[in-house]
Amino acid sequence: MIRDLALQGAQMLAVVVLAPLLTGLVRKMKARLLRRQGPPLIQPYRDLIRLIRKEVVLAEGASWLFRVIPYIIFAGTWVAASLVPTFGSGLLFSWSADLIAIIALLGSARFFLALAGLDVGTSFGGIGSSREVMIASLAEPAMLMIVFTLALIAGSTQLSTMAAYMATGEEGLRVSLGLALLALIMVAIAENARIPIDNPATHLELTMVHEAMVLEYSGRHLALIDLTSELKLLLYISVIGCLFAPWGIAGPDANPRAIAIGFVAYLAKLAVGGLLLAAFETAIAKMRVFRVPAFLGAALMLGLLGTLLLFVSGSL
Amino acid sequence: MRGNLAFDIAHMLAGTLVLVSFMQLYQDRLYALLNIYALHALVLAASVAWQAFIQDAPHLYLTAMIALVFKAIIIPVALHRIIVKLGIHREIETVVGVGPAMLLGMGLVALAMVVMLRVTAEADPLAREDLAFALSVVLLGLLMMVTRRNAVSQVIGFMSLENGLVLAATGAKGMPLVVEISVAFSVLIAFIVIGIFLFRIRERFDTVDVQALDRFRGERR
Amino acid sequence: MTAAYALYGVAALIVLAPVAIALSTSPHGTAVIYGASLIITLTLGMIALLCLFGRAQTPGIILPLGLPWLGAHFRIDALAAFFLAVVNLGGAAASLFALGYGRHEHSPQRVLPFYPAYLAAMNLVVMADDAFSFLVSWEFMSLTSWALVIAHHRVGENMRAGYIYLLMASFGTLTLLLAFGLLAGADGNYAFDAIRESHPSAALSALVLILALVGAGSKAGVVPLHAWLPLAHPAAPSHVSALMSGVMTKVAVYGFVRIVFDLLGPPDWWWSMVVLAVGGITAVMGVLYALMQHDLKRLLAYHTVENIGIIFIGLGLALAFKAHGMALAAALALTAALLHVFNHSVFKSLLFFGAGAVLNATGERDMEHLGGLIHRMPQTAFVFLVGCVAISALPPLNGFVSEWLTFQAILISPQLPAWGLKLLVPAVGALLALSAALAAACFVKAFGVSFLGRARTPAAAQAHETDSNSLAAMYFLAALCLVAGILPGIFIDALAPVTNTLVGVSMPQQADLEWLTIVPIAESRSSYNGLLVFIFVVLSGSIAAFAIHRIASDKLRRAPAWDCGYPDPSPAAQYTASSFAQPIRRVYGTSVFHAREIGEMPPPGSLASARLTVELHDLIWDAAYAPVAKGIEYAAEKLNYLQFLTIRRYLTLVFAALVLLLLVLAIWQ
Amino acid sequence: MIDALTGVLLIPAVAAALLAALPGYRLTARLNVLAAFLSFATAVSLFIVEPQSGPYLLVDDLNKVFIVLTTFVGFTTAMFSASYIGHEIEIGRLTPTFVRFYHAMYQTLMFALSLALVANNIGLMWVAIEIATLTTVLMVGIYRTHEALEAAWKYFILGSVGIALALFGTILVYMAARPVIGEGLYAMVWTVLVTKAAKFDPALLNVAFVFLLLGYGTKVGLAPLHAWLPDAHAEGPTPISAVLSGLLLNVALYALLRFKILLALNPAAIAPGPLMVTMGLISCVFAAFMLYRRRDIKRMFAYSSIEHMGIIVFAFGMGGPLANFAGLLHMTMHSLTKSAIFYAVGHISQVKGTQKIADMSGLTVTNPVLGWGLVLGVIAIAGLPPLGIFMSEFLVVSSTFAREPWLVIILVFGILVGLGGLFLRLNTIAFGEPRGPTAPAQASYVPMFAHLAIVFTAGVYLPPALVAGFENVARLLG
């Protein structure tokens, strides 16, 4: 019991601590791929600390909701992230929210963020949140279809159970699994506002989505929001990791050694994920906003196809 | 023997009535039409009288009298007056030509026969034939009302229709008096009301052409 | 015995109507009527809960009313009890709200008398135990609500809405009448017990299903029979809109469930195909329509359509499982549907109350004229926000729970043998997911445009917080949203007797699970614990806040908006409702609404302002309703010539009829 | 000794003579009401002591209810016409002499209707209905405007043709009965006919029924024989419209039913059902469509009467205990409701000074009582609960759908279309911005609300006595 609690705590801590590092890694890699020196790995931590120290400059039109939202979305995302099996699947509270609930938690975070975009009453906030919900309206169903596919294969929507099932590897290679993975990656890119959907580093008015929403934030609020998006990235990579690369995840009652192995494995997964992402982003160009629906629609169709195959025959 | 003869005569009279109805259908001048209607009533009276004789039902003589006096004399005269007063003694514009009207009439008579001869024979043949003829007279009267535009001729058509009824009623052996009374009564009322109406109509418009009436609609399109 | 008490309550409501006529002009009329109906509905709700939790099969009551040889049967079984609870919960909330809201009604004499009658009718529908009483109450419900819809009869569009509503309602009633005609047979066994005894043939019961779907569906607002709903619901006074959207549509669902699950024999598997397809289409179409609206109340009405679709998806799944003898799964699906019935009645009422409060404060229903209300009416904004989160199916509130259960039910469905279902169910699942996501988008728009940002009109700028009664009603419902969201186990267990009566089994007992988790089938398979999630979120949020404020700065400075360097003082520069929906319109609109954006650019040099107009087509209306109207108009026009014939022609008609009949005789035999 | 039966006939007869003699509007109006009330009272007494029925008059389950109904509506209409005619004299549409004539005719009409109901002799019944027709013809024409005269003339021509056809049918029935029963009076006595009907010549009966259907059907106002009805309703004085819709149609239909029973008793005869069902459906759907283009409020409700007659005839045509019960109930409810509506319409058109729908609007604002009364009436006539007509429509549709789905769907379609037409106009009349003169109506609302109250009660609760009687008749109708 105590041990499980400790594990859970460790997990919560780990995700928060690792998230900026991951982002830093991705940035560094991108810079390197472009033959730039790039910022140091720990740059994100510095940014966060500096932002937290700064005073908040609040727009006059902003309401109480505007000030509460950063905490809400951070909390939501954090809880979601801390329920994903990362290095160990024996999380105390993993059963308190299955994968659908986790997606929904992220959904509510996005809901509030979109509201924040509208709160001050600026045109850019409006652009950002309207585009954000448009993207979400396609990304969420796609994600749910992916969940369906995986849940039907693993016979559960419980992440830990799914991870454990995947780890047994008795499923082998399946078409729908491949489809699901592909779709999941596409959704993850969209959800984390990465290229080609959105550019985390841009402030070009007409191209940005996520950045436009948070344009009015500053100081500690902005810090929380950045941390949240870093957490989100980490979360998606860990989900992909624990579902499609479930190697080394420590079992429910594993000895410290296994846990250590799991932790190392997890770090490795994150690193690989970050590398791949960086490579992908440098290789590809951002697409126009209204090409996005096609992109996500494809993801949705892939997910649906995967589910259909499973419904129709158990062996595809 | 007598039954047989009686049958023939009754048959003949009823047939004549149908024939006269055809003449009415054929006739398209108002005065002549009136006269033919008088003839119609006359024949009716005769046949009713004959029925009274062979059924030795004295009250039928009364009906015959009513028919004779009332329908054959008074009404035609009165209508004649009205026509003169209204100055409408011109030709009646019929809707369909005389020829088609006659053909239609033929068809109706045939129909009447077909329908009535279905009746099983134990309702005695006399009544059966009579009914067949009466039905034809009724239908012809109706046809006349339908094919004439002029109010007076429509009234005449209506009354010949009623003659058909009387024929049927008298043909029905032993039918209580109530029927004759009602018929006479109805003709009386009918005449009075028609008279009132024609009078009013005279007041209002210079014609008794039903179409002129129709021009005054509650609800115009 | 409880049924008798319930009937007393209904009688009291009915008596209230004439009292209202007497009081309608007096200053205290509003308070008296709404107060009384509040008390009565509360009592009725208590009775319903007693029946539901007491698990006591209350005996039916037969009053010497209605059809003389039949009498009026009333009974409260588990199903009825549940819906009775829903109805009276909504009724009580609406009455409480109206205690404040009703004071602003300018023509109370057109609202007060019908309001209690309307409540009574809805109660009677649920309690009725024979076809005649059921249909009488059903149509009486439509009638009273029609009177309430046209309460503000001087507004032309309200009259139109009322007209279409009454036509559709009567259409539905007649369809149900036909359904009952089939069930009862020629010798009229109208009592529900008798109907249960009679086992109709497969074809017959299939026909009954279709009729029930059309009849009840037209009242519930199933696409394509929904056309009246978004017109009628907004037209009524807001507390009545809440009742119509939140409660009456549920009564319609009750009618469907009663006929299809209870009265009709064992279902055929393809029935579920029909219901599922209808449900999925309804869900997505409803929310897409809603996204295109900028009238707040109409947007909410269209969302009712969406939620009805979700409910029917659940019912369809339940039918599918029941048809294949998978009782437990059927229980799960049915529970999901019924739970959503309850949830939707709660948050939809809440949202309509909020809209009503806004309407009172600003006199505006059009979101384009609102904005910034969160500053002027913070409390309303808060509860409305709760409602938005709930209806968008976001944890930890109640909307999520029922949709989560529906997803779980979908995840069992691969075990269904029928191929049609194998193909249809995943598609429906996708539609459900899509509608959920779109709903979230829609309510970001609804809340964001009307409550956030800057006021777009003086009316919105001078808005004032609404009165305490209204607030009390809204806070109550908001609390209910939270409770039902974090403690769903209780509600699921409450539904157990219902599913027991309808599909034979019920979901496993949830209450005694540790940490109040809900586990539909097995823990290893799926589980959800709203309570923990809620606690975690609150904890971690407050931890973060506390930590940051303690260790780092909590300094704050107000300054003009940054807006990427181009701040625009005029509030017109904000995103409007339609511009917010523009990306989604670009994605879905062209196909669903034939949406076209027509931009008129002035020629170079002219100072005329450029215009952008968007035209949308309601394809369903154009395809289904307009032709009917045209046809009737045409026939009426043509037949109308018969009013203007000459007497001779009429005589010809008579003559023709006579000859025709004689010919028939001649040919006959 | 005069029993209630003769009383029902005697009172109006005497009253008619008296009213023809007496001058002065106030007195005659009161007398009229009094006489109507007396005959109503005597009619009610029929339920307490059932008098012996002889060769000319009879009382049985079928006509008992209708006698009471007729005298009751006659009574309330008399009350209504007292206030209505008063107003007509004030504005000078009627002169005192015409009023005297009017009252005499009114009582004559009452006499004729009662006679038609209690007649045990088919000849007598025919005579009575004919008298009724002629009196109504005179009353329709009483305003002597172009429209009124034209309506009366149309009514007269079509009506007398109908009468003639009906007489022919009656004669044929006698012919059919004679061989079985023997010559003379008893071959026309209803109670005797019923006992022997099985042995009649079927072919004769068939022809007879065709003529009776068309003859009395003209009075019932079945399409395509309906043409007189809308204009007669629209152009005559409103009390007469009420009586026409409320009573005359019923009585004609009652006569038709009597003969349907005869045919039903004869196995070899043609089934009257199909004919009646066809005409009923035609009338219902046709009238429903005709509602849409109406601009005259009274004409519109006249068409709705045709629609309901269609429904009723359909019900009887389908037969079966439930449908027949429904038909009888529908007859009762319709006559009460429709007369109530015409009371409302009468006062409305007096307030607004016109019958054109376009010129009246927002009544519930200007004259709430009248307006809501009309709304209630229309709700009742459209067959919405909890009023009586809903019950009968429920029974008709639900009990026949299993047997003849397509026909019933046509009927339901007609009902729905009719409802649409009625409410389309009601919306403009009763709601919206008020238009036209808004003077308060000096009217007695008692008759209207009395009727509506009865209809409402019947929709919720039917007294067992009534039910028993109707059920017997329904069984008799087969």
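Structural remarks
Should a chain be cited, it is by its letter among A, B, C and D, assigned in written order, with residues numbered from 1 in that chain.
Methods note: a residue touches a chain if its C-beta (ideal position, glycine included) is under 8 Å from a C-beta of that chain, and two chains touch if they have at least 3 such contacts.
Worth saying up front: this structure is predicted, and the values here are computed from it rather than measured.
Among the pairs C-D and B-D, the greater number of C-beta contacts is found at C-D.
Averaged C-alpha coordinates give centres for chain C and chain D that are 44 Å from one another. Mean C-alpha position of chain A lies 78 Å from that of chain D. With each centre defined as the average position of its C-alpha atoms, the distance from chain B to chain D rounds to 31 Å.
Centre to centre, using the average C-alpha position, chain A and chain B are separated by 100 Å. Annotation for chain C: residues touching 2 or more other chains are 640, 643, 647, 651, 654, 658, 662, 665. Chain contacts: chain A has no residue touching two or more partner chains. Looking at chain D, residues 153, 157, 161, 165, 207 sit in touch with two or more other chains. Checking each pair of chains for touch leaves A-C, B-C, B-D, C-D. Across the complex, chain B meets chain D through its residues 115-116, 118-120, 122-123, 127, 131, 134-135, 138, 142, 145, 154, 158, 161-162, 164-165, 168-169, 172-176, 178-179, 182-183, 185-186, 189-190, 193-194, 197, 200-201, 204, 210, 213-214, 216-219. Only residues 640, 643-644, 646-648, 651-652, 654-655, 658-659, 662-663, 665-666, 669 of chain C touch chain B when the two sit together in their complex.
Partner chain A is touched in their complex by these residues of chain C: 371-372, 374-375, 378, 381, 385, 389, 392-395, 400, 404, 407-408, 410-411, 413-414, 419, 422-423, 425-427, 429-430, 433-434, 436-438, 440-441, 443-445, 447-449, 452-454, 515, 517, 523-529, 532-533, 536-542, 544-545, 548, 552-564, 566-568, 571, 573-575, 579-584, 586-587. Residues of chain A that touch chain C in their complex: 12, 52-61, 63-65, 71-72, 74-76, 78-79, 93, 95-98, 100-101, 104-105, 107-108, 110-111, 114-115, 117-127, 129-131, 133-134, 136-141, 144-145, 148, 151-152, 155-158, 161, 203, 205, 212, 215-216, 219-220, 223-224, 289-290, 293, 300, 303-304, 307-308, 310-312, 314.
If you check the complex, the residues on chain B that touch chain C are 95, 108, 111-112, 114-115, 118, 139, 142-143, 145-146, 148-149, 154, 210-211, 213-214, 217, 219-221.
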